[in-house]
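Take a look at the following structure, please.
Letters A, B, C and D name the chains as they come in the text, with residue numbers starting at 1 for each one.
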Amino acid sequence: MLTIAGQTFSNRLLTGTGKFKDHKEMKEAIEQSGSEIVTVALRRVDLRGNDQYILNDIPEGVQLMPNTSGARTAEEAVRIARLSRASGMGNWVKIEVISDQTYLLPDNEETIKATRILVEEGFVVLPYMSPDLMAAKRMEEAGASAVMPLGSPIGSNRGIRMKEMISIIMEQIDVPIIVDAGIGKPSEASEAMEMGADAVLVNTAIATAASPVDMAKAFDLAVKAGRIAYESGLGATSKSANASSPLTGFLTT
Amino acid sequence: MLTIAGQTFSNRLLTGTGKFKDHKEMKEAIEQSGSEIVTVALRRVDLRGNDQYILNDIPEGVQLMPNTSGARTAEEAVRIARLSRASGMGNWVKIEVISDQTYLLPDNEETIKATRILVEEGFVVLPYMSPDLMAAKRMEEAGASAVMPLGSPIGSNRGIRMKEMISIIMEQIDVPIIVDAGIGKPSEASEAMEMGADAVLVNTAIATAASPVDMAKAFDLAVKAGRIAYESGLGATSKSANASSPLTGFLTT
Amino acid sequence: MLTIAGQTFSNRLLTGTGKFKDHKEMKEAIEQSGSEIVTVALRRVDLRGNDQYILNDIPEGVQLMPNTSGARTAEEAVRIARLSRASGMGNWVKIEVISDQTYLLPDNEETIKATRILVEEGFVVLPYMSPDLMAAKRMEEAGASAVMPLGSPIGSNRGIRMKEMISIIMEQIDVPIIVDAGIGKPSEASEAMEMGADAVLVNTAIATAASPVDMAKAFDLAVKAGRIAYESGLGATSKSANASSPLTGFLTT
Amino acid sequence: MLTIAGQTFSNRLLTGTGKFKDHKEMKEAIEQSGSEIVTVALRRVDLRGNDQYILNDIPEGVQLMPNTSGARTAEEAVRIARLSRASGMGNWVKIEVISDQTYLLPDNEETIKATRILVEEGFVVLPYMSPDLMAAKRMEEAGASAVMPLGSPIGSNRGIRMKEMISIIMEQIDVPIIVDAGIGKPSEASEAMEMGADAVLVNTAIATAASPVDMAKAFDLAVKAGRIAYESGLGATSKSANASSPLTGFLTT
């Protein structure tokens, strides 16, 4: 079971709500994914709650994790988080502070600042981050409930390119690690789990697939496969071969 | 559905029977894997059918694929195949011809010869091979029902190291491609399926896991995930980022 | 020509002075490397200048770049830099601030602070950093004369594992990029240069080779090869083949 | 020194003559590359030896290695080799037998046949091959003076994608290994040499560079760097860091 801020979850695939064709497709994809935690950009939420109110189409029982996308500074992220809570969307927040407009890479320094403030204010804080050990340590010290290092730039579908640093973070940090951004294929989600990730967050790879609903299912299976493998103890690799069948002398002995 | 020699199968994970602690563990692992095709070294079969008769512990309804492990030449492989059929083990055969004792790499030339002979004799022939396009073409021309290129040396758990050539074979060959040998992790099985493999065969990675039965389940899920992804149309990768959430001006507009 | 802080250099391989068997070997290796910039840990310098004075054995005309290794905070780095300048070792300083004792990963936040202070005080500042775009931008804004992202942990000889982020930094930052730490083979130094690095710093891979003096020469050649390739315009890669010789119909037309 | 068929060579970069803009550029590039062995497609040779006679523009003292490009069978390769020798081009021959027109992959079986015949007839035979251990063993047994496994498809500039099998061939075969085809960057040539290749052959990456003459020089340096590194004993890699400078307690002790 995955435990974040005292809550337990049995599914380790988190999904996003962006880029789907419509709410119907989004809802079906989330259902197929088995996700128990879903992120939504507050900007996308019509705070007057009209017909197009996105929250109507998030399956019941799912933990909402509003994100601060659009924030370029700690201050802006803090304001968005407060607005989110005031709007009745709960006290979870995924901090995204981004000023780089080409690669959409998070600003760790501002993210750490926002984490400190929002933890103080009682939020459950999950910072999205550029993989760096010392920044992850500061977020953990500031009270983050998990850290969310990126695998590669958002929406690039390039997989876990920052593997070296993510592995080090997994080894050195105690709070859950959720690999977020860049995962483009189920095999990459499995790999993150085999490496020891506690969960992964996938959005673009599902929402932009030819069939998002089927792809959501594929990611669900892949995350489960990777987690079981991690828990079942992967075998050792070796340079040379090891026969799985007896190889010599069948006919001659 | 996977079709080999006119038979259809819904599961795309093939398993082997070597290296398990005992028959009970083997049987449970095969069941968890969902495999509908299982390979067994004829050498391991006690042809007198006594208590330790391995075939007693292969789940019912599973297609048996005896292999010729131990053969060092085409001639030896042919003799083993005939013995297998004469023993009532059916007409499927996975050809393994190996004389290299360090990396246990198959001998394509001898394998092609054995394929020609056994197809003539009415066998359903699935040759294990060193990934090479021209050899795969000759096996296909000889009437092989599938080709089984290795990902990396048997039992090495090193993954799909011969990706370049396997991808080319997938593109240029019409019979099913089953990636065999070297797959050490569920993520690697998913990846083979995403690349377009029709199936994968896994033995060592399951049998030598700390918990083989759980690992069999993990591979089943991973193969399904990879196949769905292949069929659902993976999204494109890009060098730069693509926002999944709206990113600018949330508070300022 | 490489230009750092207004000085020009024709060689793009920087070397370190640690881990050599003795000063003689170090001196010969530096000479063979062709390096015009050499880093030395101030701690290793006997400030009384006795017989073992390391600076006696650094070839003449080489730009000295004292580093702050041993510093765990910005404050400590600043004190070491001042001590270095006061000891007559010039005004260049490579900032290393490291508190993680397992992977020896630099602390970007403290490094940025030290950069700001030392640039103010007139130093030529080259910060060693964990690859992260926003941190590199802050170092550039603070007046760093170059940024030195690590390829992989110091002394690990694991190569350029942080390629994704280093490429982005190269594209988005104007000051020279010197890839530092982790480069274990000449091919990896070439690759860094082909990617667009302005220079690389190598220490462990040279000093711990069976023959450090020869290995220094190998890295010199590799860096030159990679730089020429970068400047000469690498050809495009393609998925399929492109004949370099005419392939069809030689005998039949 | 590289020894092939009793002849020694000090340079380990072989080049091809295809795809250059004109003979002048080809000649200068070969000179800059330092190559002592150069391959040329017999088809390209005007056997009447007129003004455009390519051999006029190959630097003196260079060992000519005519290739059989255009051959689709062993028989065609044998005829081209005989024609080459009869035309006064010497007794070296690089066998290329290719019938696959998409990836231009060599046909190992036909290549082995041609090797046997041409060795019998007194040629110095260097077969171009698809990397496969058993095929390399047969070529060696047939009397090949070297084997030339491809890194990736001809002209693709994709690098050494068949690393796994090429490493095994290097370990198990005694005649020189020349990595041929696919090498697109100097770093990849260095890497082949570090792995233990005896030489590399590069054509497309030089001839299609923006500046072929400079690129030829870059490959020369890279091959030298990789070879020195191989001979000088590369240091071990490690998962964690190893300080190259003293790291603790500088100011506090």
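Rule of thumb we're sticking to: a residue touches a chain if its C-beta (ideal position, glycine included) is under 8 Å from a C-beta of that chain, and two chains touch if they have at least 3 such contacts.
Chain by chain, the UniProt names read as follows: A, B, C, D = Thiazole synthase.
Being a predicted model, the structure only gives us computed values, none of them experimental.
Traced through touching neighbours, the fewest hops from subunit A (Thiazole synthase) to subunit D (Thiazole synthase) number 2. More C-beta pairs touch across one of C-D and A-C than the other; that pair is C-D.
Mean C-alpha position of subunit B (Thiazole synthase) lies 46 Å from that of subunit C (Thiazole synthase).
Subunit A (Thiazole synthase) and subunit C (Thiazole synthase) have Cα centroids lying 34 Å from one another. Averaged C-alpha coordinates put the centre of subunit C (Thiazole synthase) at 32 Å from the centre of subunit D (Thiazole synthase). Residue positions 102-103, 105, 153, 158 of subunit C (Thiazole synthase) are each in touch with at least two other chains. Pairwise chain contacts present here: A-B, A-C, B-D, C-D [touch as defined].
By the touch rule above, subunit B (Thiazole synthase) contacts subunit D (Thiazole synthase) in their complex via residues 99-100, 102-103, 105-109, 112, 130, 132-135, 138, 152-153, 158, 161-165, 168, 172. Taken in their complex, subunit D (Thiazole synthase) has these residues touching subunit C (Thiazole synthase): 16, 18-19, 41-44, 67, 69-71, 76, 79-80, 96, 98, 101-105, 153-158, 184-188, 190-191, 194, 203-205, 207-212, 214-215, 217-222, 224-226, 228-229, 231-251.
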